[in-house]
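For reference, the structure I am asking about is given below.
Chain nomenclature is as follows: A, B, C, D, E, F, G and H, assigned in order of appearance, with residue numbering initiated at 1 for each chain independently.
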Amino acid sequence: MPGITIDKNHCKGCELCVRACPQHIISMSKEITVRGYFYARVHDPSRCIGCRICALVCPDVAIEVHAHGLIFELFEY
Amino acid sequence: MPGITIDKNHCKGCELCVRACPQHIISMSKEITVRGYFYARVHDPSRCIGCRICALVCPDVAIEVHAHGLIFELFEY
Amino acid sequence: MAKVLMKGNEAIAEAALRAGAEGYFCYPITPQTEVAEYLSKRMPEVGGMFLQGESELAVANMLFGAASTGKRVFTTSSSPGISLMQEAISYMAGAELPVVIINIMRGGPGLGGILPAQSDYFQAVKGGGHGDYRTLVLAPSTVQEAVDLTMLCFYLAQKYRNPVMMIGDGMIGQMMEAVEFPESYEEPPLPPPDEWAATGAKGRKARIIKSLFLDPVSLENNVLILEKKYQQMIREEVRCESYKISAKNKVLIVAYGTTARICQTVIDELEADGVSVGLFRPISLYPFPEKEILKEATRKNIKSVLTIEMSMAQMMEDVERAIQGRRPVHFYGRTGGIVPTPEEVKEQVLKVLSVKRRSTKKKS
Amino acid sequence: MAKVLMKGNEAIAEAALRAGAEGYFCYPITPQTEVAEYLSKRMPEVGGMFLQGESELAVANMLFGAASTGKRVFTTSSSPGISLMQEAISYMAGAELPVVIINIMRGGPGLGGILPAQSDYFQAVKGGGHGDYRTLVLAPSTVQEAVDLTMLCFYLAQKYRNPVMMIGDGMIGQMMEAVEFPESYEEPPLPPPDEWAATGAKGRKARIIKSLFLDPVSLENNVLILEKKYQQMIREEVRCESYKISAKNKVLIVAYGTTARICQTVIDELEADGVSVGLFRPISLYPFPEKEILKEATRKNIKSVLTIEMSMAQMMEDVERAIQGRRPVHFYGRTGGIVPTPEEVKEQVLKVLSVKRRSTKKKS
Amino acid sequence: MAVDSKTVFDRPVTLRDVVTHYCPGCTHGVIHRLVAETLDELGLRERTCGVAPVGCSVLCYNYFDTDFMEAPHGRAPALATGFKRMRPDMIVFTYQGDGDLASIGMGEIVHAANRGEKFTTIFINNAVYGMTGGQMAPTTLPGQITTTCPAGRDVNHTGEPIRIAELLAALATPGYIERVAVHTPAHILKAKKAIRKAFTLQRDNKCYTLVEVLSTCPTNWGNTPGEAIEWLDENMIKYFPLGCYKDYVEPEGK
Amino acid sequence: MAVDSKTVFDRPVTLRDVVTHYCPGCTHGVIHRLVAETLDELGLRERTCGVAPVGCSVLCYNYFDTDFMEAPHGRAPALATGFKRMRPDMIVFTYQGDGDLASIGMGEIVHAANRGEKFTTIFINNAVYGMTGGQMAPTTLPGQITTTCPAGRDVNHTGEPIRIAELLAALATPGYIERVAVHTPAHILKAKKAIRKAFTLQRDNKCYTLVEVLSTCPTNWGNTPGEAIEWLDENMIKYFPLGCYKDYVEPEGK
Amino acid sequence: MMHQYEVTFAGFGGQGIMTAGQLLAYAGIEEDKQVAWIPSYGPEMRGGTAYCTVVISDIPIGSPIISNPQCACVFNRPSFDKFTPLVKAGGLAIVNSSLIDVTTDRTDIDEILVPANEIAMKAGNAKAANVAVLGAFIGATGIVSFDTIKRVIKEKMARKKSVLEINYHALDEGRKLALKTLGKKARG
Amino acid sequence: MMHQYEVTFAGFGGQGIMTAGQLLAYAGIEEDKQVAWIPSYGPEMRGGTAYCTVVISDIPIGSPIISNPQCACVFNRPSFDKFTPLVKAGGLAIVNSSLIDVTTDRTDIDEILVPANEIAMKAGNAKAANVAVLGAFIGATGIVSFDTIKRVIKEKMARKKSVLEINYHALDEGRKLALKTLGKKARG
């Protein structure tokens, strides 16, 4: 099962991943980071397809994507 | 009858007028100017057609062209 | 006019307009970009020309062209940008053009930082460009003075037909103080620009605005013409101010710009502690108030002179030269964007006082 | 090696190669273009890089990049071209890069002329760029010395990791004299460049070559690191020479470069006339031989110091500072491409001798 | 055997694990990652030297784990030239903003490109001077408001925006020049390809290479990161069409 | 009545009656005359200010009977910009060589052209640095020998010659840009037309105008004036095709 | 006899820090005092701390470098950490307790806790938090009069009636809180 | 006892002025003297006058500025007008009489008329005019030996035998003329 990890420390709350996720499973937390940002988190991890789109658009490289076994090769990267 | 005057004082002896005159009536004198150049002069003034080509190519604006009455409008200038 | 609260940069911009500036050419750089931003709105309102150039190099040369029309024009920049203007400044001095260049200095060398510094003293005062020329250099220490000197710059530029620089540190540009603009702006009479500017060869001989003199006799002659103006500046344009200078002073502080204000605070505090210290503040850095400093420094009770700068002993050299070995000259400076606090300056004064006699060279 | 007759410019070019220069970046300008022309042939022969850049501004920045590799690189130019390099020089000083910059000075300001001058003294010695930095400055007075100092420049640049300038006037560049190149070139050991250069982050941490320090404490710290080097230069790199300095001297002449040679002739002639005059010739202009001048100038019999320049009293300021008011300091200079003749200098010496005591400021 | 968990997207080695100073949503960060990934993939990190500009990316030397030089404003191409000429075996890239490259550094970029210097330029076009607080850039769009054109850029006063890819493509010296964007995943993928191609051509010592990247500046455009992406898509691409403007062609007989 | 003798070709009033310092056969002189004639014909002399470059034509202020400024090397377009912005009612032209304009002054010319500054540039392309004694220029032809490329220009080392007309024509701002030559009478006539068109457009406040003129440098090319003309014809025109690269188009609704 | 008063306003960018200082400076001018407003323009990371210092004085202002102000108005935690320790002994800290959940352990200064964000929200606009703190500051120190600051707010900031009301309200809440904390009686 | 000798060569560009001076300077070095060759690189109009000065000395050379040389070798009329008056009293002028149809009216210097162009033509190459004058100069002054100058000509200028012969010939003609004019006996 694919999944992502968002590094709260790097996240600046730009919401670009939220906009981009085709599964609409990322949203912003109500909490603030030490740097004063609301950070992104996955509210429905089970629906993640591991497409890596969120990671691609994240300007702060805050997102890591994992896959188990065969991964969905949406694009060559 | 058309004709030209070459100002010996301006002439630097580049021979561009000599090369350009369609009537081949300009040549270089054997004398040297105060600036140390052999200067151009017309050796057969009677054949001048007043075409102004010599004056056009002279980089030192040493040539004046005169015409009498109707002049031969080789080109609009 | 009533007092208004203004940022130094904006006050300078407004003062230039009041002094009749009709053209402003600029390139953004911290900490002076507010001048450009302010004038991008205001210049068109007064029918003047605002143009952001492609670089400071281009801007300085645009000034060259613009000043050749006889109109009042200026630019503002900060340290690295001013370095890029050196060739053009040398040219404009050689061609005797009246331009005003304002440097809101930041820490260097290189890209350095953006905080206040005074480390472009040498560049401004000795001339960073090539050849024998000088720029008249003024240094304000308050926003109000920045206004007054900006206006004066435009007058002096015309009077001497020479580039005039004002150097303020980032603090002057960024802080807000109350300023008052004169109701109306008046100047002593000046030769009308159409006596020398390029205005078209109509009914007169064509004019050439240039610094090229291939014949060395002519070139030397041009330099001597400039030199004559510089000698006149030395006679007529020395400006300085003193603070609590008295017969009781044991130490004379020399400082300009923001540093001088800090020293005032120090002097007040020391006075309260019973230590008498005077401040000599050069306002014109070129011409440098040599005689005036010498006079104040050689008062009977003065033991030492202490130069305070936000740079590494640059003005210090001129102070030493002025003092001619007649008093020990000490130096204390911070640099790279650090503004010295009154506390540390005070400490230096006390240190200088506790030391009997030091070499004039040693940096305290 | 046998003596060869060489033009100063070509001798400088050859000397640079002998000192291990592997990269030369240039832009043509009279009176130094022969360096470029010579190296356009010779550099490829020795496997080095010759590149004509698009401008002096670009060239100075190419040097910046080239020096960052740790290799020995240099440029040559003349006055206006050097003005265009000021920003980059400030950056390279800030980033501690070893580069050699040679200025074959011509008359200024502006486009000026192309004949010999020394009017870029201030620019070279005080620093024409922004911020607190210095360049080490050497000034040869013969073609042979131009060779020797060029080679020294490369060593000093590496030793201090700082821009080093050599300033010669057009005369040095254009005249031919006999020169001898050392059979083999040796230098004291230096830290290997791969300890600091950008050579790729293989097996070590990545290196950053920069002058930006946004935090003012770091920036001040960088300036203090530089200052430490400059203090070391002051201790170790003062170079000067004297000619016929003796207890009998009534006047001490201070002059450098071509001017110093002229003064030698004057001194010889005056000696023949029974007038004893000594010459002090600074070879390093920064660090300036302050102590040395003071010592020579305060010999008992010396009445006056006379500074001779091909510029308007620029070095004069450093001489005055060095002398600390202990002798009157006179000045005589020609400028704009005029090289003073021995006759006129002689006249000045006699004039100075006939005047009892003059203000230190008056230009004679 | 259990199915292993595999990381399929991670921070490239060449990109240091530090928080950048860029504003939230600024796509400078995306471009950094693409460059770093490329250096990883091509194995070039250890022999690369970057050249930082003056602009918001002035501190990029803190983010890339390669040697770096910090250039005077606009002069990165000259530094890169000097460096690469002395060390042709190394990989050199400049990372420059539009103020840096297209305004003050115009002379240097045109000449470096024209000499065919064998380094790579990553050119970040965000239509504004980011670092100094949003002044007009040569690439500012007609009508776009900035702090030095408060009434919007008037092309009668300051001319049309400069299209760098098109301009440099007009030079005869061989080179590779492409314009890309990084505002959507699909564009990011294309941008990555272009950047990889540029570095590959450099590695193979072929030609000068430049990738112009349309990038956002939410802070100075005065919008949110999401709005900035839309603004770029709707306005910038129209004026700065994406695509390859000059492709490297192997000389005949080589 | 006798037939009157009439002078049909004479020195233009705007060209002072002095002997120039140019070498014999150098076509700088021809170009001077064309500019002077144009100013005469359009009646602009009294409200013109020229900008002299650094180059062989540095002294051109001695030849034109108009006001003049002498610019730092390469910066004439910046001076012209400053001047014209303050005095839009005057006519301003820069006269620049290829070293001046295409090398050191690249940034200034691109930006002046791109801002649409309403002055005229007469750009003299003679494929060499004339004044300093024949060094390589950005326009030096491949294989051409100069004192700084003694083995001939190697395009692998210094790139292809820069074609200024083509390069500037790639800018979007309206302008008029034409390349002409002055080595034959016919070319001279065309050159005159282009120069006249440029000044006319300026007079009518239309756009930036530049005429690139291919010119000879017998001294540094190392040939006679006649040979120089042939060399230009055979070599330069091939590389620098003549013609109009950008024509001014009246904006619609104007 | 008061000669000179220095106060630093500090917080995140966007919290109206600079404006608060400027309003105070304007008020100083209105009352014919010498003023200086000194911003931080240093290398802030975006989202970092911004601050400004206002000096109000009866005599010309010397050093614009204020190492130890008499008062610090801190709007967020980093500012609290940085500036509260710098306050002169006998001085004052005004703390935005909406975002700062600690209090100073200094015993040599006064501390006023102002839930500025809440006050602003209640007044009708989150942006008025800075004015709430300003109200507390003026209430506590009386450096300028409330009449003056109200006039300045009207002239420089809030020409719209509704906005003005909100700000006046926030100002007053701040003032009251300060007086209560310090046990003073409300003036004007 | 000769310490230092200065000679100026002057003429149109293209007359081999600079080369003549350089050959002499090389010869000086060969004979272990101190030499300096100082060109004019001033703002010449093309076709104007070019000149160089050579200083040959037993001791290190001071000023490279020679206002009054001991000898002027002038190749054209403008040079004659400019330099003959500058020659030191007791000095020498060598005048290319092929192009200069006047003679000096100074009585305090010697004058040698050398029809250099004709000599060169006769020797076989118009370009050798400079060497003819050089020959006259060395013949008249003996500053360097003919052996040396011949070796230098061979090394630096004329590797081809035929060219060498022409130059040697011109050199010798110049020398003879000088000796004849000054009434000296031919050496080496």
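Please note the rule applied: a contact is a pair of C-beta atoms (placed from the backbone, for glycine too) under 8 Å apart; a residue touches a chain by one contact, two chains touch by 3 or more.
For clarity, every value in this text was computed on a predicted model and none was experimentally measured.
J.: Counting hops between chains that touch, how far apart are subunit B and subunit C?
T.: 2
J.: Using C-alpha centroids, which chain lies at the maximum separation from subunit D?
T.: The chain farthest from subunit D, judged by C-alpha centres, is A.
J.: Could you let me know which interface, D-H or C-F, is made of more C-beta pairs in contact?
T.: Comparing C-F with D-H, the pair joined by more C-beta contacts is C-F.
J.: How many angstrom between the C-alpha centroids of subunit D and subunit C?
T.: Taking the average C-alpha coordinate of subunit C and of subunit D, the gap between them is 28 Å.
J.: Can you work out the whole-Å distance between the CA centroids of subunit B and subunit E?
T.: Distance between chain centres, rounded to whole Å: 59 Å.
J.: Distance from the CA centroid of subunit C to that of subunit G, rounded to the nearest Å?
T.: The computed centroid separation for subunit C versus subunit G comes out at 35 Å.
J.: Find the geometric centre of each of subunit D and subunit F from their Cα atoms only, then give the gap between the two centres in Å, rounded to an integer.
T.: Measuring from centre to centre gives 39 Å for this pair.
J.: What positions in subunit F touch 2 or more of the other chains?
T.: 22-24, 58, 70, 72, 103-104, 106-108, 111, 138, 157-158
J.: By the touch rule stated above, which residues of subunit D touch at least two different other chains?
T.: Touching at least two other chains: 30, 51, 54-55, 57, 80, 87, 91, 95, 110-111, 113-115, 210-212, 214-216, 337.
J.: When you check subunit A against every other chain, which residues touch at least two of them?
T.: 12, 35, 37 - these are the residues of subunit A that touch more than one other chain.
J.: So in the complex, the part of subunit C that touches subunit G is made up of which residues?
T.: Contacts found on subunit C: 3-5, 30-31, 113-115, 142, 170-171, 174-178, 258, 261-266, 268, 337, 339-343.
J.: Could you pull out which subunit D residues touch subunit E in their complex?
T.: 22-23, 25, 49, 51, 53-55, 57-69, 71, 73, 87-88, 91, 95, 198-203, 206-212, 214
J.: Going by the contact rule at the top, pick out the subunit D residues touching subunit C in the complex.
T.: It comes out as residues 57, 79-80, 82-84, 86-87, 90-95, 105, 107-115, 117, 119-120, 122-123, 126-133, 210-223, 226-227, 290, 311-312, 314, 317, 320-321, 324-326, 334-338, 360-361.
J.: Please give the residue numbers of subunit H that touch subunit D in the complex, ascending.
T.: 22, 25-26, 29, 34-39, 41-43, 60-65, 67
J.: Give every residue of subunit A touching subunit E within the complex, in rising order.
T.: Answer in residue numbers: 2, 9-10, 12-16, 19-20, 35, 37, 50, 52-53, 55-61, 63-69, 71, 75, 77.
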